[in-house]
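Dumping the structure here so I can ask a few things about it.
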Amino acid sequence: MHTFPYLVVLLCIPLFGAGLVGLVGLRAPQAARVLALAATALELVFAVALLVAFKTHVGTFQFESTHTWMAPLGISFSLGVDGISLFLVLLTALIVPIVILGTSVGEKATGYLAWLLLLQGASVASFVSLDLMLFFFAFELTLVPSYFLIVKYGHERRAYAATKFFVMTFLGSAFLLVGILVLAFQHQNQTGVLTFSLAALQHTTLSSGLAVWLSLAFLVAFGVKAPIFPLHTWSPTTYREAPEGGSMVLSAILAKLGTYGILRFNLTLFPHASKTLAPLVLTLAAIGVLYGAITASGQHDMKRLIAYSSLAQVGFIILGTFSFSPQGLTGAVTMMVNHGIITAAFFMLIGWIAQRRGSFDTAVLKGLQGPVPVLAGVFTVTMLASIGLPGLNGFVGEFLVLIGTFTTHRWWAVVATTGVVVAAMYLLWNYQQVFHGKADAETETMHDLTTKERLTIAPLLALIVLLGVYPKFMLDRIEPSVHRELAGITAAAPATAIQTHHVTFTSPVGGAR
Amino acid sequence: MNAYLPVFILMIVGILFAGLSFVASGLLAPRKKPTAAKLAPYECGIVPEREPPQRFPVRFYLVAMIFIVFDIEIVFMYPFAVVFRQLALFGFLEVAAFSVVLFAALLYLVSNGALSWGPAVILTRGMPSRTSESTITRISATKSTDGQAA
Amino acid sequence: MSIPLSWFIILATLLFGIGAFGVLVRRNVLVMFMCVELMLNAANLALVAFARSLNDVGGETTVFFVLVVAAAEVVVGLGIVVAIFRRRHSAVADELSEMGG
Amino acid sequence: MTSLLATVAIPDLLVFLLGALLCLVGAVSILTVKNPVHAALSLVMTLFGIAVLFIELQADFLAAVQIIVYAGAIVVLFLFVIMFLGVDREEDLAVEPIVGQRPLAAVLITALMASIVALGLVGHFEVGPATQTGMLHGGAGNVADLGRSVFTTYLFAFEATAGLLIIAVVGAVVLARRNNPDDHVAESQVEELA
Amino acid sequence: MNHLALPTVSYAALAPILFLLLGGVALMVLSALSRRPLAAGTVTGYSVLIGFGALISALAEYGHVNGAGPSSTVASAIAVDGFSAAIAVTVSVVVILASLLSHGYLRRMQIDAPAYHVLALTSASGAIIMAAANDLVVLFLGLEILSIALYVLAALNRRSAKSEEAALKYFILGGFSSAIFLFGIAFTYGATGSTNLQVITRTLGEGVAAKPGLLLAGLGLLLVGFFFKVAAVPFHLWTPDVYEGAPTPVTGFMAAAAKVGGFAALLRVLLTAMPQLSTNWTPVVYSVAVATLIGGAVLMVVQRDAKRMLAYSSINHAGFLLVGIVAATSAGISADLFYLFTYSVTALATFGIVTMLAGPRDDDAGIDRLSGLARRHPAIGAAMAILLLAQAGVPFTTGFIAKFSVIEAVVGHGSIPLAIIAMASAAVAVFAYLRLVATLYRTEDIATVDLGYDDSLTDGPAAFAIGLSVVVTIFFGIFPAALLDFGRTAVAHLLP
């Protein structure tokens, strides 16, 4: 079929854009900024075009394109997009231009822009790659730009934060690589073909023990990135120390790499192991929800607060993913997108507040409502969305996740619901702390959002409302893919214990049954 | 082993000779131990303020090189000489190649003045080895280029 | 019958060990070189002993090449020592001449 | 001892003991003497002892070569350099020890030697199949054997040694130059001295 | 008595070695005969030509082997197989790049160019001899040719006392390890009755070798000698000092040629001569690999001197190469071949850039010299960044493919823990590399030390070589198929 190679284009624009910006920036930083905006705008255009061309109600991968690449290593260059990855690609394409518009890191911004574009390219690549090694390439590639974004443009303790983030994530992906390789060799032993293509590896028969081990290896990698509860320790520091733009990208896009990876690879490749591990993961997710919510309520620093609240949100996403129910999965996907939009808005607003008032500290910030009503209004809407107020986009995902989880794993759903309540409490409390009350002299002098800023935040706000009132638009495209996923999970034959001739594994969770 | 009887006898004789000469020197040499002043190099009565630059010119070192190189070559020549009839032309060519390389090495050494004897250049010009000027110039040179001279 | 192989090997090992010890603990570079030579000779001894008990010429031939290697090593090593010494020497001379004016 | 006398011919035993004694005394004194000149002389002693052992092993030619090359050339070069540098004064050229303390070294080395000997004993010092490279005659006859193997089996090695000699010569010349190229006056010094 | 089996010599197979060796001799004669010293440019051009000659003949040998299959020549002292041809190709590339990179340096430092190139060419030939050696004696001689020439080269920077100190340290520990190696040869010879690798492996195969006693002693000593040469922890103590003290281009050459030669010989001895003993040597290599991976990476992080840091990074790379040996499969060998080639290129170029930054005395490569380099010289800074990222193993560079294929091999061999340890060490190392890259792009507090290198940054040949290496690094990082196949075909024609 000769369709327009949307995905390849979506990959190339930011990558070449990054190089171009880097070169131009040496001479003319201003031109670089314009160029970067142009590139991201073009990216967004093509992403929307992709959305338009995307066939609704089709569950399978679309726009698939496979080229041989590194044949000796069995790595192929195969791309494809389905309802799950579609909106994540859109999210990526949307957030980055807004980041470029809405944040600034002073004069020497060339590197900042180039790294952002590279990051965008890598993220899109990992969302649309159907070859595990290609995914791994992209997954790794996101590390480098993120590291430099943090370490060069972050706040005081940026070096520490960047190191922590980098080392933890890389160690996680070490397990991922080994896991992928083991899986590939299993497949090779059974079929004699060395390949990393998702479609092929899907049909590898694994002894239940081995499957559990592999799925754990994958979980560690993605869990660090997401982050899931015990592996989250890097995230508050990093979100806090990263530049606002960095935090936006990290929380809105990179975190989704983790959740997406779990949804796409763990569930597809190790359905049974995922079922075996479900109790464990669900528990961790529920703990994450509560822990995030409670810790958040103790924060005085707004960025850390958002960091912990998104830990809770990610907990929800994982909950939905491992509920193995259509609503749950759909909710998870929806929530990835919505959470991306909401946190991006949060971090940008906080950045603007800090610009004006020079602090992230809720103890310092008081009574902003008076001097900056518009900002306060926008913040209110975002916050309500994040709480999950019906009619705003936050609601849809949370609701679906809770329904889905409740049908299959009741008690975890109950725990999570309490998490929602706590979340509502701390956000409202924090809100009234910051925006109500008596503004001090310095706060009085703050000026409200400029037109440029209003235009920058407008799209996010619009989406918050639109996706809240008309979620069907998304759900129609997501559900078919979700159903396909679930069909694959349920259809998969019961695990048969295969003893491979050189490696023998035993399950950590009593898997060998 | 009998073949080596003469060797042993020679060895013993040599040891005896060495021992005797030590004893003799002990008997004949003056008893007094030389003082530090006696051991110091004689510079017109002035106390030497620095030791002489070198004991030998380094060129002797190159001569030693030549010696070693040819020593090795000889070591290989001997067994070759024993069997060269069997090795015939082939063996001859091998050794020829080897010797050519060695000759090249010799050439290099000679071109680097390993064998250029005779009175040294500057002495014939009759210039003293180190005058205050030379020292000053040298120090300034070293200062300008290689910061700390120590 | 002649001396058993094991005696030679044990002796060679002893010499080798003494040489290695010297390399590790002596501070005088020249003595260190000598200890390396000692180790090489220990290897030679072992080679010849093996050659004899194997009644095989290979070991003795190897000793030849070891000799050449040893010669080359010594030449270069002593060359390095000479270079270092002359640098230090000149340094010393400079200081003294500074003092002397 | 009696068993030894039973198995080993007396002259052999004597020659071996003589050689071993020379070797060990020389080796130990290399370790212990302070003055490098003495160390070099004790090295000569060891080499001589090894030559004696070569004779005991009927490798006469190698014994001769051992004396000629080692005692005759290499040690002479050592002594030459010692004199040349005037390091017969103790520890003039001391550099920091490459590896740390003596006890550690002693333990390591002892362990090494012990394990080697132990392995040898485990295998009863058995050797592999005999005469794979070529026949080896005893005494004066083995020069021919050497010749044959050097110029056939080990031909490549023989030619490769030429490369080694090249390196040695070039290296010696390069290293013997004056140190600091900026030190022009000193250059003339060397000219004058040589 | 008059019939003596004279060895047959296939000069085509020896061509790469002969090119380098005789090229060196010829250059020596030229410099001896010429009235005034040869111009640096002439000499550089000459040795680049020699390198090309070696490269072409090596490729020819490779092609010939692919047709005719592996064989041996000069009384089976030299193996004529894909492996040695591939290594010969690598070494020739190293020679070409190294001579280009050293050109400007030799002029600036007033180093006797002919001597330098004679030594470099000869020692490169030593590396090829090591790889092609089918006889322990030949291997030993190759090792010595390589090492002794490097001792001299390390002492060539006459403006810094560090250089000679480094040479001395290198020489002593090198001689020490050579002696150990030789002792190992002696025992192996005693236990198997021959120094010829094929005879040895046949003897081991037929089980007519001596009881494991002497054999294991020999194997152990050989391994120790090798570990010294390839700077594996805990035998690496000489590496940082030597790398730091030696003239920077020599350090680059050392890092490339010595590693290639050492690992080639190690691979050949362990995997073609002593596969039967793998149960004995695998645990040793395994544990040393672990130590090397971790030690290299961890110590790398704490370095404040670029050359020392790169020294430890080379140790970490050695760890990865050892991992490839643990996976004693053809996949492992070909992975190591790929790794050796790509590592040599990137390491050489990296040191080439450090050479450009070396001051007038080349005795200080502190990291602060690199600080903000990319601000002042974007092109060089970018090249350095790319090369460092390649060494770090970032995707779309040869470094990633190399690490990946090694890991793939070892996972295929089934030792998962080693793979995980390797990746973890890579994680630590990557952090160090990234920190250095960040230093390159630092805007604030750009180095205040006097960097007297602005003339050296306009060093044509070096710049060309670095650019070439960067292109190679990226191109084969994105399209590695050809190079990987090259390695596999080479291993397919390995002399048994």
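Chains: A, B, C, D and E, in written order; residue numbering restarts at 1 for each.
In this section, a contact is a pair of C-beta atoms (placed from the backbone, for glycine too) under 8 Å apart; a residue touches a chain by one contact, two chains touch by 3 or more.
Just so we're clear, the structure is a prediction, and the values are computed from it rather than from any experiment.
Think of the whole protein's Cα atoms as having one middle point; the chain whose own Cα middle lies nearest to it is E. The greatest centre-to-centre distance from chain D, using averaged C-alpha positions, is reached by A. Counted by C-beta pairs in contact, the busier of D-E and C-E is D-E. Note: the chain lying farthest from chain B is A, by mean C-alpha position. Our note on geometry: chain C versus chain E, Cα centroid distance of 26 Å, whole angstroms. Centroids built from CA atoms put chain E at 36 Å from chain B. If you average the CA atoms of chain B and of chain D, the two centres end up 20 Å from each other. Separating the centre of chain C from that of chain D, both taken as means of CA atoms, is a distance of 5 Å. Multi-chain contact residues of chain B (touching two or more other chains): 51, 53-54, 58, 61, 65, 68, 71-72, 75-76, 83, 86-87, 91, 101, 104-105, 108, 112, 130, 138, 142, 145-146. Among the residues of chain E, those in touch with two or more other chains are 4, 6, 25, 28, 137, 141, 144, 148, 151-152, 155, 158-159, 165, 168, 172, 187, 190, 193-195. Interface note: chains touch in the pairs A-E, B-C, B-D, B-E, C-D, C-E, D-E.
Contact residues of chain E toward chain C in the complex are 137, 140-141, 144, 148, 151-152, 155, 158, 161, 164-165, 167-168, 171-172, 175-176, 178-180, 182-183, 185-187, 189-190, 193-195.
Those residues of chain D lying in contact with chain E across their complex are 95, 98-99, 115-116, 119-133, 148, 152-157, 160-164, 166-168, 170-171, 173-175, 177-182. Within the complex formed with chain B, the residues of chain D that make contact are 11-12, 15, 55, 61, 65, 68-69, 72-74, 76-77, 80-81, 83-86, 139, 143-144, 146-148, 150-151, 155, 158-159, 161-163, 165-166, 168-170, 172-173, 176, 180, 182-186, 188-194. If you check the complex, the residues on chain E that touch chain A are 378, 389, 394-396, 400-401, 404-405, 407-408, 411-414, 416, 419-420, 423-424, 426-428, 430-431, 434, 437-438, 441, 443, 479-481, 484-485, 488. Interface residues of chain C facing chain B in the complex, by the touch rule stated above, are 64, 67-68, 71, 75, 78-79, 82, 86, 89, 91-101.
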